[in-house]
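The next block holds one structure in the form of structure tokens; read it before the comments.
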Amino acid sequence: MVLARVVGTVVSTSKVPQLEGIRFLLVERLDAATMNGTGDHVVAMDSVGAGPGEVVFYVAGSSSRLTPVTEGRPADATITAIVDEVEMNGSTVYRKDVS
Amino acid sequence: MVLARVVGTVVSTSKVPQLEGIRFLLVERLDAATMNGTGDHVVAMDSVGAGPGEVVFYVAGSSSRLTPVTEGRPADATITAIVDEVEMNGSTVYRKDVS
Amino acid sequence: MVLARVVGTVVSTSKVPQLEGIRFLLVERLDAATMNGTGDHVVAMDSVGAGPGEVVFYVAGSSSRLTPVTEGRPADATITAIVDEVEMNGSTVYRKDVS
Amino acid sequence: MVLARVVGTVVSTSKVPQLEGIRFLLVERLDAATMNGTGDHVVAMDSVGAGPGEVVFYVAGSSSRLTPVTEGRPADATITAIVDEVEMNGSTVYRKDVS
Amino acid sequence: MVLARVVGTVVSTSKVPQLEGIRFLLVERLDAATMNGTGDHVVAMDSVGAGPGEVVFYVAGSSSRLTPVTEGRPADATITAIVDEVEMNGSTVYRKDVS
């Protein structure tokens, strides 16, 4: 899975039927060492109610269809978790409440 | 999913039978921060009637077979939505009518 | 799918049984803007009778098994079409007969 | 599969139900020639009880669901082995006990 | 599929049960134009009895489970062929016996 930050939304009215009712979030991949954005953006389906600015991870590939929200839909990236804390080499590099 | 712009078409007469009747569009990936093209092009199947110059997103991998148009076909990239608006960090970075 | 040019062949006698009878072509990815090679090569299964120098596109991932030639075989790249013409931004950047 | 080192953990309470009970490890890809980190990090599911600092390999894509721990879960990277030794060009470039 | 050279082995005793009995080879991707190594290494399952120094190709993704050796196992890269010869633009760039 990939660490990313929710930075925006994507709106579409002309789309395949299986995308009806899905919320599309624009996420930016993060460099885990610094928790800064990398400039790489992906359009991900939201399955956890993630909000702007939140750090999440998303799952890519066929597994992005394995959530209650995305089952049977043409997904290749789905946010499956809002991240509370990232610990690296014994240090807390991210904590939700204080960042 | 990946933000891209429809920049052209690809025509083929010698192809596997499952590709008959499919429209192949050449799309260029976009840098979401600027909405400029990145120079990376992909041949995508069209499932939403996208036209030249339109901003879309496409789905990659096995999910590109999960649309009414592409079911059972050898696809790895399918346009599943025409994008109306992209919002990033509280600003509208793309809106279909005014761009 | 990915635009590429057939640049060679790969021959193997020691291989898994499911690869018997398959023709392996060496293809070089193309930069669609210039139709020049990028230096990136892939070994692709041929399902359309592509010949040396021809511009094709290949499908990657699980869909590369969805052709009459490659069904049930361990493929991750299969040539599914010989390209006749590529049009970009209103110009013909490639046409088979004249290139 | 990809050689990596376990460098941290990722904690999440808001997540899809299928992620309950899974341990998320932050791993850094290794350059096999030097066994140094590359700076590329992935969030992987743990299926072997890997600990901090250990060299492992993980499997990506749909196969990351094919372990007793990850079956049916939305995974795209699962640690499937703790590495004891890496030999390259006749030399031992990594051995667990002495590194 | 990807051209690569077998450059080493990876040994693991702590692994998921489905990896028992599998031989893990370290392979280095090759630049097809020069047949030199690129410095990118992958841990691949061996299904053809490949030996050190041999040029092979491996299949990535879900197809890496479609060999007699790897069926049902968590694989994302499996060596499916030992390469005898690579021909590019009319020249033999690699032949097993003489290289």
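As written, the chains take the letters A, B, C, D and E, and residue 1 is the first residue of each chain.
The rule is simple: contacts are C-beta pairs under 8 Å (C-beta built on N, C-alpha and C of every residue); 3 or more make two chains touch, one makes a residue touch a chain.
Bear in mind that the values here come from a model prediction, so they are computed numbers and not experimental data.
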{"item": "Set of chains whose contacts include both subunit D and subunit A", "value": "none"}
{"item": "Subunit C to subunit E, fewest steps along touching chains", "value": "1"}
{"item": "Subunit A onto subunit E, rotation angle from CA fit, given as a multiple of 5 degrees", "value": "145"}
{"item": "Computed distance of Cα centres, subunit E from subunit D, in Å", "value": "21"}
{"item": "Subunit A and subunit C, separation of their C-alpha mean positions in angstrom", "value": "33"}
{"item": "Subunit A residues counted as touching two or more neighbouring chains", "value": "61-62, 64"}
{"item": "Going from subunit A towards subunit D, every chain in order around the ring", "value": "A, D, E, C, B"}
{"item": "Residue ranges of subunit B touching subunit C (in the complex, touch as defined)", "value": "7-19, 24, 26, 28, 39, 41-44, 52, 61-62, 64-65, 72-77"}
{"item": "Complex contacts: residues of subunit E adjacent to subunit C", "value": "1-3, 31-33, 47-49, 57, 59-64, 66-69, 78, 80-90, 93"}
